[in-house]
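See structure below.
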Amino acid sequence: MFEQVLLAGFGGQGILSAGQLLAYAGILEGKYVTWVPSYGAEMRGGTANCGVTISNRSISSPIVSDPEALMVMNRPSLEKFEQNVVTNGLIVVNSSLINCKVERKDVQVMYIPANKLAEELGNNKVAVNIALGALIFLTQIVSLEAVMESLGKVLPPHHQKLIAINQRALKTGAQYFDHLAKEKAG
Amino acid sequence: MAKVLMKGNEAFGEGAIRAGCRFYFGYPITPQSELAHFLAKRMPEVGGTFLQAESELASINMVFGAAGAGARVMTSSSGPGISLMQEGISFIACAELPCVIVNIMRGGPGLGNIAPVQSDYFQATRGGGHGDYRLIVLAPSSVQEIIDLVWEAFVLAEKYLNPILMLGDGLLGQMMEPVELDEEKEFFIPLRPWAASGRMGGPKRIINTLYIVPEEAEKHNFKLNQKYKEIEVKEQRWENYQTKDAQLVLVAFGTAARVCKGVVDYCREQGLPVGLIRPITLWPFPDKAFDYILSLGTVRYFLSVEMSTGQMIEDIRLAVDGRRPVHFYGRFGGMLPVLTDVVKEVKKLLLKEEP
Amino acid sequence: MYKKVFARPKALEDVPFHFCPGCTHGIIHRLIAEVIEELNVFEQTIGVCPVGCAVFAYNYFACDIFQAAHGRAPAVATGIKRALPDRVVFTYQGDGDLAAIGMGEIVHAAARGEKISVFFINNSVYGMTGGQMAPTTLPGQVTTTTPYGRDREINGNPVRVCEMFSVIDGAAYVARVSVHNPANIIKTKKAIKKAFQVQLSGLGFALVEILSACPTNWGLSPAEALNWLAENLIAYYPLGDFKIPKEEAKNV
């Protein structure tokens, strides 16, 4: 069961909002949640990341130093956090922007070309939610429905028109690994 | 009311608005700036005043002016900025004006860093500036508690006519948690006959900070001290967590207390009788919590867990007064105590006597 | 029945000043009190006193009053005026208070155009603490911390406050006056009145620099001190209006 995930990428990719989506979905499901960003000097230039904890119990430290699942949207983020993931954890890699492979052998690694899929949807900016859709599908940390419902709370009022495209992005990501589920079932 | 996700820094702002605070003066510093961003937007919506000052020296003195004129007022900063404010805080304490000051602590000394620490404990709980005075110091450990305690802070400020310091750290300021916002409670601003708001036909009011005659200064200090003594008796706040049969009691506040709750849960699952005292008021320090636990007779050790090199431990030792050993575990410079490391310390103490 | 032609203004308390013989603080206190009465704003006036010789101003002015920290009066006044915009707020500050330790606060209060009236008493020396060099001490002037005279190489140059504030956008009225003789005392009162009127009409920040005598720390008799002021201080700090409100400027 997944409780702690770390989302990382570069500023402007929507990483922090994606984390808030997860957190809101957790609230809708009646869970305890915390969301912690990297902040200050760290947010200039380098990576933007946030740790989200979603749990049935009250959360002690909100810091996600050893995530059970890591979602990386660019290469510096993978290099920075690859070693932190717990053994038998999960790494979701945006293969559109990360052209190398994960070195670790003790974790599950799933590659998804999030930017390419986003462009096919007609909006490169929703890449993060394609990856998030995949992360949700693979971890079941919250339900996809709860995340869909949370979009309205996270998007600022002037971006509410983007709810539909973001919902399509989440679904696209969630369905990308559908074949795995079918293989398992078969 | 539905829960909303809110940042700690924003919760200080929303809590203040709900408590009827309509004046904020401040100067930017990480990691508390979101509080200023939030109030810059929110104050005009409720007809309040947000003013960015040229320095923390200025912002605390604007607070002094507005509070003395009768306004409900707040400022916020972090370590270095709070150090600059100390002169003004001493003046406000001397003049017995109500206000709320938020310190979102950052790594120090010096420019340090912006990571979470608790190393301003001494500064916060010993007055902080020059002269014999105390601030009531409130230490929330969750975003919900921030909202609740800000209300309390304004109530205490006006009850005792004393500045209130709210002590958080960068992590508490930056993290988001769900909060339940009640229907807005009606706030009440009591009459302030002492405010120097223009005589308007009444007697002259002096917001005074000068007592040039030592006899008068002693009298004023005596009066202040009486007030502090009353606060020490009436306003100690803390949370007991699994302390009833605990043989080892952790003591931690704010973010460190969150980690320690996890430690207690983990230890209890392993059958180790561990509990936690979480001081909510750092001044007055909750001595009564220790008297109570010692009266139960099961406790063998106290372990202070701090994000500093050991500051609160001095107050714990004063409270325990030699009745049990008080140990220390700390991380500092912006590093957080990790659950497994604290558990190791706990086991070292609890299991060392076992075969 | 006799007609009363002279009385203590009601904005002044009926207590003797503590100032040294020949000190001109008392005159300036009285002028401010007279103007407060003449403009009929006594009931809504709030003063902020400084640290320095005027630290006891709260004993002398009868209006509501604050005792601020050294140099911080403009910030305190900002807090008061923002909380109570319909009140009349003034600060009374010396040269050390305003132009040294409090330079940050006064410059930014002016830049924000805070609607307050600032009375800046320039006697070129720290009085209360024992005659040390002030930011306005003249080159060559002997003080307890410049026993060989102020040396520009070592101590830097005097600060000309009005000249500086004349280029700050938020400042509506900036003037330098002196109280060394009756004619100038009358001009000083006019400037003080103007500073309050600028505030009352919401035009912005007003600062009146008042050259003042300090016989004790100058080591002169009261009469000699007034002459020294006229000959030396005015030579370095010329009198006059440095900035007047825009509407008036158009009519000139």
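Points to keep in mind about this one:
To keep things simple, chains are lettered A, B and C as they appear, and every chain counts its residues starting from 1.
As a convention for this text, a contact is a pair of C-beta atoms (placed from the backbone, for glycine too) under 8 Å apart; a residue touches a chain by one contact, two chains touch by 3 or more.
Only a predicted model underlies this, so the values are computations on that prediction, with no experimental measurement involved.
The chain pair with the larger count of C-beta pairs in contact, out of A-B and B-C, is B-C. Distance from chain C peaks, on a Cα-centroid basis, for A. Taking each chain's centre as the average of its CA atoms, chain A and chain C sit 63 Å apart. Taking the mean of the C-alpha atoms as each chain's centre, chain A and chain B sit 35 Å apart. One finds 40 Å separating the Cα centroids of chain B and chain C. Taken in their complex, chain B has these residues touching chain A: 3-5, 30-31, 114, 170-171, 174-178, 255, 258-263, 265, 336, 338-339.
Of all residues in chain A, those touching chain B in their complex are 20, 23-24, 27, 33-37, 39-41, 57-63, 65, 153.
Put simply, chain B touches chain C in their complex at residues 23, 25, 49, 51, 53-55, 57-59, 61-71, 73, 87-88, 91, 95, 196-201, 204-210. On the chain C side of its complex with chain B, the touching residues are 42-46, 48, 55-56, 58, 62-69, 72, 75-84, 87-88, 104-105, 107-108.
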